[in-house]
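Some structures to go through are shown next.
In what comes next, chain A is part of two complexes: it sits with chain B in the first one and with chain C in the second one.
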Partner chain A sequence: MGELLSLRGVSKSFVRGGRSLPVLEDVSLEVAAGEIVAVEGSRYSGKTTLLRVAAGIVSPDRGEVWFGGHELTGLSNVRRERLLGSEIRWTDREGPGTKLKVRDAIALPLRLGRGRRKTKVIAEEALARVGVADCAGQRWEDLSYYEGVLAGLARGIGGRPRLLVIDDLLDALGLRRTLDVGDLLRSLVGELGCGVLMSVSDLGTALLADRVWSLRRGALTLVSDQAAVTDAEIIDFPDPDAARRGVGSRGVGS
Partner chain B sequence: MPPSRTSDRPPRTSDLSMRMAVLGLLVEQPDTLGGIAIRLTRRFPYARWSRSAVHNGVPRLVKQKHARLVLEGGKSTQERYEATGRGVDYLREWKRESAAVPRTLRDSLQGKLAFSTPADLPGLIESARAELGDCEQKYADAHKRSRQAAQLSRGVADYDAMILCAQLADEANVWSLHVRRLRDLLDVLEEIGTECPDSFSDREAAGG
Partner chain C sequence: MLELRDLVKRYQVGSGEPILAVDGVSMKVAAGEFVALYGPSGSGKTTLLQLIDGTLRPDSGTVLVAGADICEMSRGEADDYRLRQLGIIGQPHNLIPGARAIVSASLKLLLTHGRKQGTPVVEGLLRELGLGDRMQHRTEELSMGERQRVLIAMALAIGPKLVLADEPTGSLDSHSSREVLGLLRRLCVKQGAAMLLVTHDPLVAGFADRVHQLCDGRLEEYRPDLLLVAPGSLREEL
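Presenting the complex of A and B:
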């Protein structure tokens, strides 16, 4: 897997009441094509700021953000906005504007360089792909919680981005829905070949990621890396052939 | 006289006993003591049952007539155990036990909080941090195992594979809850440490 996104020594502060509040301090992380990376942290820990910096929406005070061989911080605003409308897609819990119909809300940010009819087709295909084609004509504010999550994913994959940035969209789904969405997200990543950077509020949601970082007091620490599997973590997986034969199969390999 | 029904009833507890876990493994397939110990560690890696406990527990299953020894060859390492019909029934009844079992909270950190004095606060924080690190490591391990299972089970639509994925996802979820609890507790303890040092001193001076 090739490196797609790279944050190198990124710091970001905000000024409030004349005081500088550091939010990110010397943060580095990478996302490769085909992998899902989660950043976990409590509310107000700076996750959204980190994602906004990664997506090129906000410039860091220090450090570099590289995407697909380009340094985002060195690009003009116009170039960055173009990237955000095509190769990098942002989706979050807030949704794009409650009065819009779901189809239009997904189609609107795709219009740069595309015709109105074409973007509506893309939006409808994305909604069908995540299993909520029926929601195309509804207003975003009328969606159920779970429909909103799926429509949010559709909003992210419309236009086939190379990097999907998901802010706080997948929290509080419960284990079953988290696993379902994890399967869906993984199949989307497989189809698009994109990388995913997502923020989550708890480690339970991070289950569906390949790599999990924790953001605390402005610093990132690696919690789990699926790529670094040791012998001690090899699981006792059932033999599918034995299962088909109707034989109790677990533990055979021990 | 047949054994009384109540004497062979599975214990009602929220904890998984080692003997019940071993019985489950023997119902799946006959095995040697060494084989059981290995499978037990793989299936329940955080239960921390010792190998010697397995060596003591299996004969007790035999004594209760839930398992029996199947002699194979002369060496004890080749001796295999298998579940009896009574053992299979016992496990089935335990699995079907639907009566709610109250969870217990006998957590040592809870006890340390209850009996702490201001002078104990630094130690409490250190203790919570150490436990947090341990839980984060266990979450990381469980997360990897869960991801592994999800990868291996892709396209395999059978009960064993699906239930294993569910078990491992639940395992990671449990550790994530512990991590969250400890982080929340640490936030509170650290805030107490920064906001109330003077009141602590006053209480100590007053003998409180």
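Presenting the complex of A and C:
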């Protein structure tokens, strides 16, 4: 499997209250086609920023983001927007916030990448594929929590992307549904041949991935590799205080 | 343009007495009029907005928009009313990641009209909103105030008869709030749209033609002094 997405030495800071706040520091990461990669971290650890940089939504201060042979930060806003409506799809928990029907809410972002009419058909096909065809005419705000997760996945696969970026969508589902969503995600990846980069907070959700990275204080540590890992004990999360104490991380990748 | 007649909505929680979320509310908002509605959390503001946007049915009373009774509409008709006649101004975090301002502002119009018809309208609105040189910028390159203005352009692009805004200055500093409220008022007057704005923000009253206050589901005379608490005045209650 060749690499689809590659982040190389990416750094990103934000300015808050006149102070520079480093969020990502020299981060490198790769996702291949057919592969699910998870980034685990606590709230405000920078997971969403990492995913936004990977999707070309936010430009890094330093480093490169390569997708399918293109360096994303060098592309114009129009080219990046088209990619986000076609080859790269972003999905998260946020609804459109304007009381749109689910079908329209999924179709709208697809307009970024393609012309006109077909987007509603694509949205309906995607909803049917994840098993919630009957939600197409409902409003996003009226969906149950689990329906919202599945509709979020439908938003991700509409338009058959090469890279699916899932921000904080699959957590807190409980074991049974986490496994169901994992099976669904794995079969979607098989059908589309796409790569997946997702942020997670739950250990159970992290286990759905082929590789799990942990994001702590702006730095990534590889904590598990290969889908064969099914025993939670094998995953050895880094101790967030270890670096400060100078004893090093216990992570597999360290 | 908007008329509420003796609107009542109850919620049954458990086996106790039903909660009166909206209790006999009657009010009118004329075309081109800017009306602010204050109310603390739990006062019934959100329920009232849902009754007006047709996502909730009242137990009794009517909601008339341009003479049509929203409560009598089928689900499909209410969806169509929301899409074509109602400008809903949401929160800036709902904009599509990575989309340019011109595209985000065009999205609702794209659902109702073609791209070619929409672009000049949206460009004109964005210019009026002071975003003439920011149209090609992506969501993440815009400040919160600019994102809020993109949402205003999206809502107004369809030429709505009624505009509903729920805390449109909730994510903004006071300078941006003033700018956004001033622009919103000017555009609503220009388009002849009725504007109902639900808020906690005391600045809003300064821009409104009329101000109402919602308390425990009932519409009351606006008393700004009731919303303010003098320093130290509640110490005795501790």
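Here is the rule we use: the second predicted complex is superposed on the first by the 219 of 254 C-alpha atoms of A that agree within 3 Å, B and C clash if a C-alpha of one lies under 4 Å from a C-alpha of the other, contacts with A are read in each partner's own complex, and residues count from 1 in each chain.
We take it that a contact is a pair of C-beta atoms (placed from the backbone, for glycine too) under 8 Å apart; a residue touches a chain by one contact, two chains touch by 3 or more.
Computed from a predicted model, the values in this text were never measured in an experiment.
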item: Contacts of A:80 with chain B and chain C, given as first, second, both or neither; value: second
item: Contacts of A:99 with chain B and chain C, given as first, second, both or neither; value: second
item: A:58 touches, of chain B and chain C: first, second, both or neither?; value: second
item: Which superposed partner A:212 touches (first chain B, second chain C, both, neither); value: first
item: Which superposed partner A:203 touches (first chain B, second chain C, both, neither); value: first
item: Which of chain B and chain C A:28 touches, first, second, both or neither; value: neither
item: Chain A residues contacted in one complex by chain B, in the other by chain C; value: none
item: Complex contacts: residues of chain A adjacent to chain B; value: 42, 175, 179, 182-183, 202-204, 206-207, 210, 212, 214, 223-226, 228-229, 232-238, 240, 243-244, 248-252, 254
item: Chain B to chain A touching residues, read off their complex; value: 25, 28-29, 31, 35, 38-39, 42-43, 136, 139-141, 143-150, 152-153, 156, 158-161, 164-165, 168-170, 172-173, 175-177, 179-180, 183
item: Chain A - residues contacting chain C, complex; value: 52, 55-58, 77-78, 80-81, 84, 90, 94-101, 104, 108-109, 111-112, 116, 137, 139, 141-142
item: Residues of chain C that touch chain A when the two form their complex; value: 53, 55, 79, 82-83, 88, 90-91, 93-94, 96-100, 103, 107-108, 110-111, 114-115, 136-140, 154-155
